[in-house]
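Every chain is named by a letter (A, B and C) in the order it is written, and numbering of its residues begins at 1.
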Amino acid sequence: MKIGVPLLALALLVYPFALNDPFYQDIGVAVLLAAISASAWNIVGGYAGQVSVGHGMFFGIGAYVPLLVYQHGAWPPVLGVPIAIALSVLLAQAIGYPTFRLRGHYFSMATIAVAELIRIYVGTVDYLGAAIGLQGPAVGRGWWDLTFRGELPYYYIFLGVLAILLYVTFEVQRSRFGSYLRSIRANERAAASLGVPVRQTKLRALMLSAAFTSVAGSLYSIKTGFVDPESGIGLLVSVQMLITAALGGAGTLFGPLVGALILVPLQSATNTWFGGSGSGLTYIIYGGIIVLLARFEPGGLYEFWHRVSMRWRARHAA
Amino acid sequence: MLLEAKGVSKAFGSFYAVRNADLSVAEGEIIGLIGPNGAGKSTFFNCLAGDTSPTSGTVSLDGVDLTGSTSDIHARAGIGRTFQVPATFEDMTVLENVVVGAYLRHPHRNDARKKALEVLEITGLAHLADQRARALGTPGRKRLEIARVLALQPRLMLLDEALAGLTPSEIQRAVELLRRIHGMGITLVIVEHIMEVIMTLAQRVIVFNQGHVIAQGKPEDVVKDEGVIQAYLGRNHGKRRSGA
Amino acid sequence: MLLLQVIIGGLLTGAVYALFSAGLTLIWGMMNFINFAHGEFVMLGMYVALIVVTSLGGGPAVFSFVAAGLLATLGIALYFALIRLVIRGPMMAQILSTFGLALLLRYTAFYFFSANIVSLPNASFGLYNFGGILVPGSQLLSGVVAIVLTIALHLLLTRTFVGSRLLAVAEDRNAAMLMGIRPDRMQALAWGLAAASAGIAGSLMAMSYPWSPSVGETFGLTAFVVVTLGGFGSVPGALYAGLIIGLLQALSAYWLGPIYKDVVVYALFAALLWLRPQGLMGKV
């Protein structure tokens, strides 16, 4: 692990130059975006064990607000990012406050319901782009519009955000907050009996997670210059975050990144092979993977690796 | 009085698991709480620890009313408890388990870790510090639960069948640990079915049946009480005894 | 007059909601487990009806029976293959298992049936006129059958020997084992019953409303709201709540517009969470 991390960082840094082709660079950007979203989800879904299936709503807020301030105020989209974060955090509180005093399923169901509600609502309001969606600046008025022609600037911005997020997660993991989160995931009742303020801790985790998910959404819409209810708030967005984190290992630091490194190229490949119907097939595959993970290895690849290496070590120690 | 529970009742629908139960515990006491299965002892504990809210009655520690507050507030006030079915954090290590408890009084990571290691020494778990809790057997888990609660630096510990399922030698070690804990100034309320443990440890015994207290007093006296025997063995046995 | 018609229609639809929600609440109350794929079971019931009508030419009696049988088998199979194993594990695995299943079922249906909206051909049972109030025969039939079956389920649970064994396992699994009841069998039976109720409800619903595979998500959420409103574990609660929600939906569509049909369910759910999560009759 000790040499692994700097090695990984180095690999990520030189990747766009090593594979100097727009196609590969595009995949790289997609991997980073998926890793950011999944790592953000991971804070509340993985570490705290509160399974949100509607995180797309935070992603959607992050994606919509920058384009809204551009479309209606002619501001640079990036100024919308802090506003989006604030809104996402507020929404997180509104959802978490009533549901975190109830058992876990209520929270999960609430996230589905609220995300759907928001998606339907946005699709009907013209100010928010309705079903057509919103667009960002086609040509940048200056560097602050962040409309780069190549992939490279985006790649390094995304990489920077991922690094910050992983660092924050790392600090959380080591701290009292992180210890409390894991205890809640392990056994909420026992955690409370040890003085863990369960409801507040879950809420803080959700708020932190929502903030970073919002940033991921903003990165997405600023880069692609477009968002609509489906791409911003749709179920696929939520499912993607969840499965990416779960596959790699929910509740681990690098699990989401590992998940992204596997799933994004995989999805790109299936889209090429199966063409247009790729999207439907994607869901079927995702559904299958989720069920298999739940049934055989809820800890994801991280746990699988841990078990395999334990057994290997046991066999070779004797 | 350290702990005062007055008129505590807990109803599930129309069924009263606990009916008008009173308990007074002075600081430094060791109280044994006994009674047949289903008598409501665990539910009573849950009310005392804040796990559930009593339907009526009050629970206060050192004069501070804790009734209706969540169990983390009870813990912060100084009540620690273990669970009848061990509730250790399975995928966390033994040390990490205890650190969660230690964080209550030691919010900083290094202090909490130090406190946790101290507690592991006291409870004889130091050699297992980096093992995952799920690797321990039931006796280990029960001991770990006690260690976790100890790290809270509680004033009062509620132990729910902490010695169930242990072998005689393990029971002896556990009793020694409990004595050591008591020696540190912690008041103990112990639910147990193992009579020898109650007889040796408890200064005062309270008998629960069908949700409320039916007898209390010194262990030797309570054990001979007619009502207590009937509660355990059923009315027929009592009748047969008196008829013989 | 039209308002009365809307009300009756809403109640009849609500009855079908009650039927499939009763299955969800049974599982929840019994095993403390939420089936996120329950709506998909209803959706499958609808497609079973379609297949039976188009290929075998059978009527409601046939297709509801087939739907019940197929879905019950699916439910029991799922219990043994998946549920029984995840239910003892971490919460995340439990939630993910049926959520993943929902995706799998929903998009497999999309794959085979496409996203086209379909309805039962020639599903006309006449139009009944109750003093000026027009009620389609299909709606009347499905509503009445749904109520009867929901009550039957409740009686099964509370008045029969099998039912008492189911409830015993729900109450205290270990105690039930000591009494010679096999918890696994009872829980599998519960899953079979729940899936069957969803399947029958779906086939009944198919008589009155067009649908596509996406309907599962809406029904799943509706079931959850009904169960939350009615109190988890309570079949009578599911009946009352189902009727209320059917009524609420019909009135919202009538007064506010058809798009509000689903919105009102989501909004009611949000309101319940904030104000009264224990619902009308149950515990949280």
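As a convention for this text, contacts are C-beta pairs under 8 Å (C-beta built on N, C-alpha and C of every residue); 3 or more make two chains touch, one makes a residue touch a chain.
Computed from a predicted model, the values in this text were never measured in an experiment.
Chain contacts in this assembly form an open path, with each chain touching only its neighbours along a single line.
Here the largest set of C-beta contact pairs joins the chains A-C. Subunit B and subunit C have centres, each the mean of its CA atoms, that are 44 Å apart.
The distance from the centre of subunit A to the centre of subunit C, each centre being the mean of the chain's C-alpha atoms, comes to 32 Å. Multi-chain contact residues of subunit A (touching two or more other chains): none found. With touch defined as above, subunit B holds no residue shared between interfaces to two or more other chains. Of all residues in subunit A, those touching subunit B in their complex are 174-176, 179-180, 182-183, 186-187, 189-199.
Those residues of subunit C whose C-beta lies close enough to touch subunit A in the complex are 34, 36, 82, 85-86, 89-97, 99-108, 110-111, 217, 221, 224, 228, 259, 262-263, 266-267, 269-270, 273-274, 277, 284. Remark: subunit A residues 45, 49, 51, 53, 98-99, 102-106, 108-110, 112-114, 116-117, 120-121, 124, 185, 235, 239, 242, 246, 250, 277, 280-281, 283-284, 286-295, 298 touch subunit C in the complex. Interface of subunit B with subunit A (complex): residues 49-51, 70-72, 74-76, 80-81, 83, 87-92, 96, 99-101, 103-104, 107-109, 112, 148-149, 152.
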